[in-house]
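What follows is chain A paired twice: with chain B in the first complex and chain C in the second.
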Partner chain A sequence: MTILQLGIFALAAIAINRLKRNRELALLAISIFFLFWLQPAQQFVSLVFWIPFATLALIVLLWLLIAAPEARAWKINWQTILVMSAVVLLIDLNQFFGLDQIYMCTTPRLWMLGAALALVFTADIFFWRIQQPKLWLGVFFIGILLIFIYLKTPYLVTESFMLIYALRGTDAPTKIIFTWLGFSYIAFRLLHTIRDFQTGRLPALTLGEYVNYVIFFPTLVAGPIDRAERFVPELRNPVALAEQDWAEAGRRFFIGLFKKFVIADSLALISVNEILIKQVHSSAWLWLFLYMYSLRLYFDFSGYTDVAIGLARILGIRLPENFSAPYLKPNLTQFWNAWHITLTQWFRAYFFNPFTRSLRTKNFSIPIIIFITQLSTMALIGLWHGVAWNFLAWGAWHGLGLFIQNRWSEWMRGKMQTPPSPRRKLIFDSLGIFLTFNFVSLGWLFFTLPTPQSALTAIVKLFGFGL
Partner chain B sequence: MTTEITSALAKQIAEKILKQPKRVISPDEPIISSGLIDSFSLMDLALFIEDTYGVRIEDTELNANTFDTLDQLANFIQARK
Partner chain C sequence: MNKVRPFYVLMKALFLYALANLAFAYFNPPVGKLSLYNWLISGRERAPYEREAEYYNIAHTIPVYENMDAMYQSTTLSQPKPADEFRIFLIGDSSAWGFQLRPEETLVGQLNALHLKTCAGKRIVAYNAAFPLPYVMKDLLIMDKVREYDPDLFLWTITLDGFRNRTIFTNYFLDPYSSRVRQLVDAYQIKNLDTSQMTQATFWDKTIIGQRDALKKIFLLQLHGLGWSATNLDYDYRSYPPLAQDQSADDAFFETPQGQLGLADEMLFDVLEAGYQLADQTPVLVINEPIFIAAGVNSEIRYNEFYPRWAYDEYLQYLQTWMSAHQREYLDAWNLVPSSEFTDTPFHRTPKGEKILAEYIIPQIQKLACSK
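Entry: the complex of A and B
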């Protein structure tokens, strides 16, 4: 995202904050507009409109399956339906207004939008009548996962588009561009609500609350992944902002901008990348470029999080933190308690914990359970970033690291029956921070380089071989 | 009652999880955010609580936001009983 876009986000947040009534509807309208507005260029121009449209349709249909009876009444949802339809219609009508400075996209003809809306409303009626949503929830769960896997697998995206070009009988371009803005985060919010509904933990949510939760504009592009039961109470009763809260919200917003656009973007110029690794023949410089990459990644991502938290605070919503000084943690477990916190908590809640629970109640040995659960969880976190060998290798690197650290801690605890003295603790912690930061930094090579082989080559060079 | 629960939990963590019977864990000491117990041990603690107090802690609740100290955990158990 650009500074201009984030500036417009801030103005929108302030405008909504000043509203005395209908804040929730205004937030909904703005979030929907931003969902369309931020969609990047696509291989087929029409997708710039239809992808966000499909996002909204998916959210509405899923809401019909998970909404509690008291939240489904027409009289508490009609305004939401009206606002959603009106915003989508206004965006489509831009083909007549021609406000290309605001929204530059070729929108579909009116009859096409009408047909699509009719299709969605017909599907709504069908889903509205479903009394036992178990089967359909399973279909949605698997469907969302499959879309997610498809989007994260460049091979599948390329091949599917090639097929379309072949069927059309036209020449395919050399590079396929297809992105579904924010789907990584949208999907995980949707999956969380499906699972919580299935376990009876999802609160009653109106359509407006649900859509606002899933596409809340400050968190649309880079999270954090909030939880519905935490988000919605503050949406209903936004936390009032005293003078110091405004200052805090502004501070987070501007610190976020500074971290992203000044520090991270500057570090990007001297961060390790594929070309640098081939060109540099000094391991000392390579280490420096690697450290710069580690810092850049942190400032970039945590900067976005600061911006999101600051914007949400203006809207009266306190988002969860996503980072907590991760590079100052003395071991890998604590690093993962402090890096992309909401994503790791999601995987713990919906994969690691249930998986560990199921294995723990069987007769597996503890080290085997830890090995399997840590490795599989981290492999999945790796694959969340993209279905590719390098991300899998990055996940495995951390999974193995966590397993080794766990076994080491277990062994050390047996040796040290009492906590170390403050002086020894300081030494252990300092050494731990150094080792953890270097382990994580080496892991970023798998993350940023295209193949595990290139990462291994870089690691060899870092240690002074093959220069 | 809360004190009894915190004592039992402290004993369980020190003896079974940390394997340091002499380790004193105070009721207001962070146990998750400090990294004292990791996510695997947290599940062990949850299973112990289920067996001992008949209180199930859901998989989505096993994090520092729900409880981070023995005091908070004891109150959580009391509220669920």
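Entry: the complex of A and C
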């Protein structure tokens, strides 16, 4: 995202903050508009419109399955349906207004939009009548996962588009561009609501609340992944902003911009990359560029998070923190409690904990359970970034690291009968921070380089071989 | 704790920012002089030019010539001159800068590899001050700029193409220095250069906001220095096909038909004299640079794709007459380098071609170094 786009986000947040009534509807309209507005260019131009449309359709259909009966009443949802339809229609009508400065995209003909809306409304009626949604929730769960896997697997995307081009009898371009804006985060919010509905933890949500939760514009592109049961109460009763809150919101917003656009974008020029690894002539420089990459990633991602938290604060919503000085943590477990916190919590809640519980019932030893759960959780977190060997290797690197650190801590606990003196603790912590930061930094090589082999080559070079 | 009043904080910040802008415009600080090069990171062997991000110059078509302070502060020639050094600054176009060549392969690199000494025992060290643009007025401006780094001798490579009066280059390279260009034009009575299209920086252009792009480039130049230090790469060495020996039958020189070259009336030979005068006590060794001489079809019409024979011969004659008339010495190396020693254009030479040229000019360099 650009500074201009984030500036427009800030103005939108301030405008909504000033509203005395219908804030939820205004937020909904703005979030939907941004969902369409931010959708990047696609291989087929029409997808720029249809992808956000599909996002909305998916959210509405899923809401019909998970909404509590008291939240499904027409009289409390009609305004939401009207606003959603109106915003989508207005965006489509831009083909007649030609306001390219605001929204530049080829929108579908009106009859096509009408047909699509009719299709969605028909499906709505079908889902509206479902009394036992268990089967359909399973279908949605798997469907969302499949879309997610498809989007995260470049091979599948390329091959499917090649097939389309082959069927159309036209030449395929050398590079396929297909991006579903924010789906990584949208999918996790949708999956979380399905699971929480199944376990009875999901609160009753109106359509407006649900859509606002899933596509809340400050968190659309880079999170954090909030939970509906925490988000919606503040959406209903936004925290009133005192002068101090404005100052805090502004501080987070501007610090975020500075982190992202000044620090991270500068560090990007001196960060390790595939070409640089081949060109560099000393391992000392390579270490420096690796550290720069580590810092860049942190400032980039945490900068976006700060912006999102600042914007949400203006809207009276306190988003969860996503980072807590992760590179200053003395071990890997603490690092993962401080890096992309909401993603880690999501996996802990919906995969790690249930999986650990299920293994415990099967009489595995504790080290085996820890090994399997750490490794599989981190492998999944790796694959969340993309279905590719390098992300899997990155996940495995951290999974193994967490397991080794766990065993080491257990062993040390047995050795140390009394707590260390403050001085020894400082030394241990400093050493731990140094080792953890370097372990994490080496892991980023798997994350950023296209193959595990290239990452291993880089690691070898870092230690002075193969230069 | 004092209560924070966001509105007042915002107003105060805006006021201070406005004040900083006005102060910046008024004092016009030489921010280009601030450089990490030559102390924290290695100085570059030549001016940053390459546009590809992975070659550690100013990436993504962001040139820095708008701020020659920054450009030359990033090179080794901005280092303080040791007492035992005799400094040569090479001025010229892309062939002097060293297209397709690593720094050690360029003319400057070849001269330095010989570890020459003056009669007084000073080390002769050459520095590359060239910038890849064939335009003598740009060379004059650079010469004007790098004088502050205390040269003992200027080597100035020229060719006919560089004397053409091209508005596009005036607007491209000279515009950021319009006031200095006008001063030079007036001081040395340079005819034929149209400065009317050049813009004049306003007060607002000098503020931080007006200078934001230039400031960003200076900052990026420092960051790219790390890549340069780590790799010693500053150029994308692309492969190139050998130059064609066969030439077109067209005998025009850039759409100029035979007989209308206008060497005296349209071209910028005044700049040459301006260069000698500007250098003042510092000797200037002008070298008419080698060109590729084709031997295939139509080679009786053209020397190469740039020069038809009539135009280049006319230029050679005029240059010789001009130098005699102005009592200036120069070296004519136009046919010195065999055609096999050119790379991708009729001017860019191979390392061997550079070595031939270096060996040709060394006696003259030593003569000038000893006479100083």
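Observations, loosely collected:
Just so we're on the same page, the second predicted complex is superposed on the first by the 467 of 467 C-alpha atoms of A that agree within 3 Å, B and C clash if a C-alpha of one lies under 4 Å from a C-alpha of the other, contacts with A are read in each partner's own complex, and residues count from 1 in each chain.
The criterion applied here is as follows: a residue touches a chain if its C-beta (ideal position, glycine included) is under 8 Å from a C-beta of that chain, and two chains touch if they have at least 3 such contacts.
Since the model is a prediction, treat every value here as computed from it, not as a measurement.
In the superposed model, B is the one of chain B and chain C that contacts more residues of chain A.
When the two structures are aligned on the shared chain, A:250 is found in touch with chain C, with no touch to chain B. By the touch criterion stated above, A:369 is placed in contact with chain B alone, chain C being left untouched.
Of the two partner chains placed by superposition, only chain B is touched by A:345; chain C is not. After overlaying the two complexes on the shared chain, residue contacts for A:289 are found with chain C alone; chain B is out of touch. By the touch criterion defined above, A:5 lies against neither chain B nor chain C after alignment on the C-alpha atoms of chain A. By the touch criterion defined above, A:95 reaches neither chain B nor chain C.
Once the two complexes are overlaid on the shared chain, A:122 sits clear of chain B and of chain C alike. Once chain A of one complex is fitted onto chain A of the other, the partner contacts of A:414 are limited to chain B, with no touch recorded for chain C. Contact with neither chain B nor chain C is seen for A:430 once the two complexes are overlaid on the shared chain.
The residues of chain A lying in touch with chain B in their complex are 196, 199, 201, 227, 320, 329-331, 333-334, 337, 345, 348-350, 352-354, 356-357, 360-361, 369-370, 373-374, 406, 409-410, 413-414, 416-419. By the touch criterion given at the top, residues 243-244, 246-247, 250, 266, 269-270, 273, 275-276, 279-282, 285-286, 288-289 of chain A touch chain C in their complex. Residues 3-6, 9-10, 53-54, 59, 219-220, 223-224, 226-227, 229-233 of chain C are the ones touching chain A in the complex.
Taken in their complex, chain B has these residues touching chain A: 18-23, 32-33, 35, 38-40, 43-44, 46-47, 58-60, 62-65.
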